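Should a chain be cited, it is by its letter among A, B, C and D, assigned in written order, with residues numbered from 1 in that chain.
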Amino acid sequence: MNAIAEYFSDLFGGIKTLLTGMKVTGKYFIRSPKEIVTQQYPDNRDTLVMFDRFKGEVIMPHNDKNEHRCTGCGICEMNCPNGSIEIISKFEIVDEKKKKAIDKHIYHLGMCTFCGLCVKTCPSKALAFGQNFEHASTDRNSFNKILNKPGSVLTKDVKE
Amino acid sequence: MFIYDFSELTSKIHAGIAGSFGEGLLTTTIEMTIVGIVFITFFAVLGLFLVYMERKVCAFFQCRLGPNRVGPWGLLQTIADFIKLLMKELITIKSADQFLFNVAPFIVIIATMLAMGAIPFAKGLHALDFDIGILYVMATSSLGVLGILLAGWSSNNKYSLIGAMRSGAQIVSYELSVGLSLMTIVVLAGTMQFSQIIAGQETAWFIFRGHIPAFIAFCIFMVASTAETNRGPFDLAEAESELTAGFHTEYSGIKFALFFLSEFMNMFVVASIASTVFFGGWMPLHIPGLGGFNHVMDFFPPIVWFFGKTFTIIFLMMWFKWTFPRLRIDQLLTLEWKFLLPINLVNILIMALCVLNHWYF
Amino acid sequence: MVDADITEKKDTVEEYLINMGPQHPSTHGVLRLVVNLRGEIVKDLKPHCGYIHRGIEKMAERNTYTQIIHLTDRLDYLSAHMNNEAVCLLVEGALEVEVPERAKYIRTIISELSRLASHQLWWCVMGMDLGALTTFFYGLRDREHILDIFEENCGGRLIQSYNCPGGVMYDIKPTFQQKVKECLAYFKTKLPEYEDLLSGNVIFQQRTKNTGLITKEEAIAYGMTGPSGRGSGFSCDVRKKNPYSAYDKVTFNEILRTEGDSLARYKVRMDEMRESMSIIEQLIDNIPEGDFAAKMKPIIKLPVGEYYQRVEACRGEFGVYVESRGEKNPYRIKFRSPNFANLSALDYMSRGEKIADLVAIMSSLDLVIPDIDR
Amino acid sequence: MTNEALKDFIVTCAPGATFTESKQMVVAIIPQNDFFTLVKKLKESATTAFDFLVSLTGVDFNPSLGVVYHLESSELKHIVCLKTSTDDRINPILDSITSLYPAAELQEREVFDLFGVRFNNHPDMRRLFLDDEWVGYPLRKDYVDTVNIIDLIK
């Protein structure tokens, strides 16, 4: 008799747990328009705002006078764990003194692991993270970026 | 009752053809060709729609949107997929048994199509109306397992073979339950002919007339038929997390599409049988004693009733699939032999008692 | 030396081999298991690793200690923060740097959020492996809320690189506490659904009960740690054993179960989610003011000697062993990864089980392959 | 068990053992020949009961090749670090502890793979991560990275 009771309690208990599960999914089905969490990605580009700390790519902010803050000291290059930063410096003559300045600040996006060490260690806060994340490209050369804009110079307020 | 009888239309068509070609083999051939073309078209359209429905339903269960890019609300997505599958390369396996490998998907799809022939869509709208209709449907729908077994065997892939063997064990077992649960209603109806079964539900559907045993039979039929169509939670033959894709791992292109389509069409066949046998098929909802209500119900065309019921049951099966985890093979067999079959046998006995003592409505 | 490679066996009528992986839906990555089957029964199996071996230990030997941190993200990517923390704690311990309290609190909260997110992902994948695909989307949906917090505060969603020797990279945002509380309140309404959908389900219970059994002694011998070890009753929680960061300031239970089957491991993780939430709740309102990082020298050189630092990652004890020769790079660095030890028990646990159970066992161990291959 | 008692225990089992300074735990350098018997005693003795192999690390001490073991007791919660090494760089062989700790099986294979240290009585001494055709043992200090896979920066 006990075995029969167990048989039926197994059966009905099992059915009950199945119905509880169906209740959960059924609830979502009925409330589906409200519960849908899918983001319509390419359509919501205009409204999609990334957080300001989001590590999309390394950029070098320039002000409106086309000036950046990079002195070309090479600390970012040294700190980068995988060699994604290359600095090519040149010597400029400013006020009749020879002065080191950057010629090209090359950033290899394809090698970057977004560890943030370059941005963190930069003594003059010349580097920052950009929020752009749409990097896909068919040309691998497009990942080698030159961060300083053509013709840009060092701002005056950065101490050497 | 003024439900339109489609046999008027079909007999007119028959008279027209016979008028031109005379009664005989030629007329029969032409008629069969027409029926065949109608069925294949219906098959394809319905298959595409069911795939779309499954995608949308499961998306809503899962807080997603589902296909929504191709066409309005993604309606053309399945058509695009179908075209893609048609254009894909048919991969041939070097060490596969070529003949069986190629013939397997057709066996599966033909079995499904044969079963479809007996389904009454509306009054007089069916290709075959055997007096052993239920037996015929059961016989043909279980032929599909042959195709699955052959597909698994001929692929020369161990995953496929495991899937096929699982499927074999599964369908052989669950065929019993499907049959017995339908027999329960046959006991009540006193006939195996679909048109007669539907006619018997004019006063009320069998699930109401047969009350408790009919309801139990319906539950068992739902479980067993879900298992027979190889759908989750009984999709052990595919079991994508264990066997990658089970018996159709090695298939690609249109041959894969046939397997895919047959799964959905099997689901439709099973659901339409359930709606015919338990919910009166195209018969509108009639409640004895409420003449006015019944009259209003009759205004809805029978074809709407049929598809409404069928798709409700299909929705239920999708609900199962997208809620439950998959069973293990031994649990699957335990469920059949320890639970479904004994309950079914007792149930058929109860139904017989009910019929003998007129304990039904 | 006997080569007992089962791949050299030939298929017979009774026994045959199948390759699960490196591309297989349930190995969650590029793990390859050569499974010897008899019908559906697993006779034995051999893991073949190395498909995602990147030589992180070798790379780390050439990097400075600050540069190593971002490599540890790539081990067990779901407990990236804990891995970072292990390296940082080791460096701080070796140099005897006092980390500000605020940094400790932030680290602990982010760790527990990572654990929560990792267990959510594990839950949804476990459901998916057992054939309930819907769980996958529910788990990912809830995880998104935590990842948004990470993204806002750390800049990364999965691999944050938020730790640095001495503390954390940046201070938390002012909205951090508010967002975390909202996230926990949200998840508390969803956790009962997890239980309804999967834990209570009779099919799930049948699938996991008494499969993949391993006793406490065996679990210890195989070095199983984390929820997998605790499912067998092995009390191995580093947070209790050697409290680090702010774990000595909170009260929480170490979830232990004695059954040692897949269901026990499942339940341990489910309860750990509750414990994690309780830990976060105890800390979130008490984050002290102050610096978020101690001042460190720009070039860190560890004194000569060997150091071992262990933390409790999402899947078990994550350890870092460093042999230092006083240079700015480690002479030898080794990551003790929990998944590697858990994997070694898989053969023992799955013998005699069905192939469907093997999938369930792997799921309940929650293997992350990059952590195995390193 | 205190660190001093543990040191005494180790010295009685392995007379050749020496110790180095560490704030964290007892670090003992054990001669290769005494190693297996010592670990067996450490595991089986009730006062030590080191039943949990935390970590097994291969190290190229240059010139000797060695392995560092971290053992912990699940009951008594104490931890010890054992080191053993061999001077033979051509054909280094150490004793396997797989029979005591099954966890060591894969880890010893890893050490063999990356350092080339073979282990006696190991059931399945094959490479683990790298393919069988790989030449050399990458984590050794004298390994020349010919394809320049790891040495990305300069």
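What to note about this one:
As a working rule, contacts are C-beta pairs under 8 Å (C-beta built on N, C-alpha and C of every residue); 3 or more make two chains touch, one makes a residue touch a chain.
The model shown is predicted, which means the values in this text are computed figures rather than measured ones.
Each chain gets a centre from the mean of its Cα atoms; the one farthest from the centre of chain D is B. By number of C-beta pairs in contact, chains C-D lead all other pairings.
For the pair chain B and chain D, the distance between C-alpha centroids works out to 63 Å. The mean-CA centres of chain A and chain C are about 24 angstrom from one another, to the nearest whole unit.
With centres taken as mean Cα positions, chain C sits 45 Å from chain B. For chain D, the set of residues that touch two or more other chains comprises 152-153.
The set of chain C residues that touch two or more partner chains comprises 134, 141, 197-198, 201, 203.
For chain B, residues that reach two or more other chains under the stated contact definition are 61-64, 322-324. Per the touch definition, chain D reaches chain C in the complex via residues 20-22, 24-25, 27, 51-55, 57-60, 68, 70, 74, 77, 81, 101-103, 105-107, 110, 114, 118, 122-126, 128-131, 138-139, 149-153. In the complex of the two chains, the chain A residues touching chain B come out as 11, 18, 21-22, 24-26, 28-29, 32, 35-38, 40. Listed in rising order, the residues of chain B touching chain C in the complex are 58, 61-64, 158-159, 162, 232-233, 235-236, 239-244, 322-331. Touching chain B in their complex are the following residues of chain C: 16, 18, 24-26, 40, 127-134, 136-138, 141, 197-198, 201, 203-204, 206-207, 354-359.
Chain C makes touch with chain A in their complex at residues 63, 66-67, 69-71, 134, 141, 144, 151-156, 159, 161, 164, 169-170, 193, 196-198, 200-203, 205, 298.
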